[in-house]
Amino acid sequence: MDKLLAETLYYEMVRGRAFEYAAKEHYMQGDISGFLHLDIGQEALSVGAMKAFAKGDVFSTYREHIMALARGITPKAVMAELFGKEAGVSEGKGGSMHLFDPSHFFYGGDAIVGGHLPNAVGCAYARKFQGEEHGVMAVFGDGATNGGAFFESLNIAAAQKLPLLFLCENNEYAIGTKITRVAPFEKQAKKAEPYMPAIEVDGMDVVAVYEAVSEAQHYLEKGHGPIFVEAMTCRYEGHSMSDPNSYRSTQEMALCKARDPIERMKKVLQEQYGMDAGAIELLETKAQNEIDEAVSFAAEAEEPAPEALMAHVFTEGGTHALS
Amino acid sequence: MDKLLAETLYYEMVRGRAFEYAAKEHYMQGDISGFLHLDIGQEALSVGAMKAFAKGDVFSTYREHIMALARGITPKAVMAELFGKEAGVSEGKGGSMHLFDPSHFFYGGDAIVGGHLPNAVGCAYARKFQGEEHGVMAVFGDGATNGGAFFESLNIAAAQKLPLLFLCENNEYAIGTKITRVAPFEKQAKKAEPYMPAIEVDGMDVVAVYEAVSEAQHYLEKGHGPIFVEAMTCRYEGHSMSDPNSYRSTQEMALCKARDPIERMKKVLQEQYGMDAGAIELLETKAQNEIDEAVSFAAEAEEPAPEALMAHVFTEGGTHALS
Amino acid sequence: MLYREALNKALDETMAVDDTIVVLGEDVGRYGGSYRVTEGLYAKYGEKRLIDTPIAELSIVGNAVGMAIGGLRPVAEIMTANFALLAFDQIINHMSKYHYMSAGKITLPMVVRFPQGVSKQLAAQHSESYEQMLSAVPGLKVLAASDVNYAYHALKHAVMSDDPFVFIEHELLYNKKGEVDLKTPLDPFKARIVKEGSDVTIVSYLKMVDDVMAAVPKIEEALGCSCEVVDLCSLNPVDYDTLKASIEKTSRLVMVEEEHKTGGYGAQIVSWAAEKMFYTLDAAPLRIAGADVPIPYNRTLELLSIPTPDSIAEQIIDWGRRNDV
Amino acid sequence: MLYREALNKALDETMAVDDTIVVLGEDVGRYGGSYRVTEGLYAKYGEKRLIDTPIAELSIVGNAVGMAIGGLRPVAEIMTANFALLAFDQIINHMSKYHYMSAGKITLPMVVRFPQGVSKQLAAQHSESYEQMLSAVPGLKVLAASDVNYAYHALKHAVMSDDPFVFIEHELLYNKKGEVDLKTPLDPFKARIVKEGSDVTIVSYLKMVDDVMAAVPKIEEALGCSCEVVDLCSLNPVDYDTLKASIEKTSRLVMVEEEHKTGGYGAQIVSWAAEKMFYTLDAAPLRIAGADVPIPYNRTLELLSIPTPDSIAEQIIDWGRRNDV
């Protein structure tokens, strides 16, 4: 990995975490409402995967802020969305759980656990149909791997040999329920065994995630069909702002934080790429500034006009002329 | 296997087939309507499984006449149901696809492909809860193994170690669609691999089916959790009476019929149990007579009264007194 | 031409000119569709565009949503309305909402088609109607094809539109005969005056339109009145203008539908009329609908559970006598 | 006592006396339920009776159906109404029909509970209401708990009944305070007169009851009239007797609901009144309901999408002025 990329990965993680802390703060201040799911602790996964899969389409969940940023959507557009403003990426209509931007091949932002997986399958079908080789990535949690939509998707993607990367963010919990209490084993890649190859990766190591997802994308490009990547990770906060996170012990949390992806990558930058503390701090400051600007932007941005209520139920006109 | 059991298996298969031919005839005559799914060709599976699993609960599909009979529901009650009569096992309200009789631990008769599987899981939970050891069997086709309900059931049954036997009747087709066109492999037991052990059996051999299901039930009784049995079989008729069956070649049908389960068991009776042609014919005649009587009974039975329309939407009273 | 042939023609003609249109569903390809609506299309357009799916309705609709996101124009077939329940999450939480939630960034040019209703003794799990549920979902356009010409034009419109459509057919209409008028354009959102009349407006849709028409001579004779029969065609949006004009003429409204009466679709029409046309109505409106029971298998009971030409005539005549029609 | 505590108490008391009652759902056990309705029950009844399920709503309801077949009395919790769509096949094709299809041989003593409605900025996939869909399904009894006392008694009834119930809660009611009257028995199928009045009958249910009550003083002052406020409580079956008596007294009907207006539940009530009480009504009925849009995230838009005390008052006053109330 070249230095620029390594720096970028670090930068995106730091910026992502800064974004999340800012969102948390402004949620507590009442500027943001609804369900806010923070990705703190999972930055390596979100950033590594998005950067590696830059060319393909991505379908994700409600815990998608950092992915949207790593995808190239501006912090301003994302923060403004959380603030419910017109300048938000979904014009204030979607909020935190529904960030969409087809110009960045980023499709949500789905708040139905597993609900976006059949959509990703369909999009992969479209890409294969179009001869587009980069394929599609679907990101989902361990909790999603128990639902019908997930299994149907594995089966269909395999039967039709679709270019689809299943990326399981296994943080071991679905809200307060530990995965091993509701599934017969810990690693959910096992569920994909009958259908496709799987790669297991440490989700707290951004370089490893980047490499695993890159490898998986090459596999897709070869036309062999779908592939599964499972990354073990850990969220530092409660499930959403309304979850007290009381089901995990202090010890469990400490173990988890000892694997911190940002600290780890910082070390890599220092030890492997010879960056000094000053250079790293510069990156951190830049990231924080970007987020501060995003917050100011979001705070000052306009509310949508009341007429926005009735807009976008349907397309204008709605009818496609046949050539 | 003792001779009595072997004879019983043969008898049930012959009686089952006779039932199906009678149903077909009376469908063509207009006495039976709706969707009629015949089980001809698959008798070994239906009979072998039901006889082996006599003590447990069974959840099945719309192709369940022979199972209902092998379970002990009378041909009269089943035929009357097909004729839509009040004396039918579901009083004419369910029809061919909805045979229910809790007194025989037989619960349908479900016409939503895969829809009964979560029900079977729930019932297995109840049995485990009650300390009832015989467990539950869910019967389903190859087509059902692509649906979310099936996968969720595998996962839950395994996570909760439920006494549930998944019996897949793989006749290779879901209406006109060959299983290998919509799933990535031919044997669907592969889908259960991450969750539970599987037994593969020749579904055209009633003795083998009986033994496999018996073995599976012993496994359940030991409390190890669920088990999967897959039986390759073949239906001789179209999917239902409205399916012309044009997607299978004459050659494919001939190969299939060469494995006829009844002919095969007849040979076993003759060669292994020393039964002569006369004794076998006696069984056959008895079976046919039973069916003829069932048809006469059904034909003469009463239509439900018009008041039946509004009955059974809810229970009478509907409230359970707390002790 | 038969109704199913008109649907087939609509698919064929649109697929011929736009090769991003794909059809997916159970047995829609090689088999030609369980009601033969897609017959011949597999041979013509191949398996890339006529996609035989596994029995996984959630995925059928969910994949169609994803195909539309990816730039295709999918037409998804669900074999029977009851099975569409398995796809309600995708229809309601995804198909109907992505355009709005994304403030128009995601567009879903797609159609979900299915037959519904009471056919003949298919029993409770194969006989239902879900227009009341689906017409209540903002973001979906819901059409119900009662006749051959409408089926052709409306399906073509739905396939060519950039909005998500639910296109409802009826199991007993597939072999209905009729003409397709290729020359006269048809607005699929406009209600159809099936028969003009001056004294009673009878509103209906889908298969019940024929049953109403079969009942009308008897009604007109018994009450000495003239009935106007309106086929809604589009269940959402509703062509209230046509309804209004008709009720202004007749001052009387009867709504006939096959669904269970409680919570059935017709309640929306009658409640609209009560709210907006109250002072125009000369008589209490009448709603004729199915019984509030799961559909029984037995034929006699089955026919008792839904309106028939006879029961429609009987109820309207009785109502007419009680209300000075 | 809080609304959620009343629900908890109902579960606790029934579970204490009948050990075939089990509760299943996502996070209902160790976690105590995402709205804390099942708090404390896991410690008391253990993991056999408080079952934490995977995120698989189809199975949650489907398993409950099977448990009921197997002799248990399951109470299934769905975390939010929108996710119930994933279980519509089990609710509608199975739970509502097995008793009928088996001619009474299968009995399903079970409850499916969930919160619904617009809370605060949860956006389109977490803010919907499905009573209109579920009340239209024969074979289900559908209750909607608007207050603490009703919540307690009605849930107890549902758990103890041998019929399948859908029990609807509202996200904004969980912390509502109220008294539980343990001495007075309560018929869960009887509508509740929340406030007596003589000039206008305002019918509502669930959270809108409170919003209507908040609007009433303003309405009464502006129109100089007296409003009777009726909480339906049971959405299917409906207590038409109580409605009839009230409308006979007031001659005027307003229906208020949170759902999207098109196809919303209230259409059933208004259309019933139009059909059965037409000659008693002195004015066109009024239906106040949500906008026909997916629920937007932005708070201002969100509040524009549903009735609020202010908009209810405004619409009723405007209607009253136009209709000589």
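In order of appearance the chains are A, B, C and D, and numbering begins at 1 in each one.
Everything below uses one rule, namely that a residue touches a chain if its C-beta (ideal position, glycine included) is under 8 Å from a C-beta of that chain, and two chains touch if they have at least 3 such contacts.
A quick note: this is a predicted structure, and the numbers were derived from the prediction, not measured.
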item	value
Between B-D and A-D, the pair joined by more C-beta contacts	B-D
Matching chain pair for B-C (criterion: over half of the contact pairs shared, by residue number), options A-C, B-D or A-D	A-D
Most distant chain from subunit A, judged by the mean position of its C-alpha atoms	B
Subunit A and subunit D: spacing of chain centres that average the CA atoms, whole Å	36
Chain centre separation (subunit A, subunit C; CA means) in Å	40
Between subunit C and subunit D, centroid-to-centroid distance (C-alpha), Å	29
Two or more partner chains touched - positions in subunit C	53-54, 56, 58-59, 82-83, 86, 89, 93, 100-101, 123-125, 138-139, 291-294, 296
Subunit B residues counted as touching two or more neighbouring chains	90, 92-94, 98, 110, 112, 115, 146-149, 152, 155-156, 159, 181-183, 313
Parts of subunit C lying in touch with subunit D, wherever the complex brings them together	58, 82-83, 85-86, 88-89, 92-93, 96-97, 100-101, 123-125, 128, 132-133, 135-139, 236, 238, 259-260, 262-276, 278-279, 281, 283-287, 291-294, 296
Contact footprint of subunit A on subunit B as seen in their complex	146-152, 155-156, 158-159, 181-185, 190-191, 193-195
Complex interface listing, subunit D residues touching subunit B	14, 17-18, 22, 48, 51, 53-54, 56, 58-59, 61-74, 89-90, 93-94, 98-107, 109, 138-139, 141, 157, 160-163
Contacting residues of subunit B [partner subunit D, same complex]	57, 59, 90-94, 98, 100-102, 107-110, 112, 115-127, 129-130, 136, 148-149, 152-153, 155-156, 159, 311-315, 317-323
Residues on subunit D engaged by subunit A in the complex (per definition of touch)	26-27, 30-31, 34, 52-59, 82-83, 86, 120-126, 291-294, 296-301, 304-305
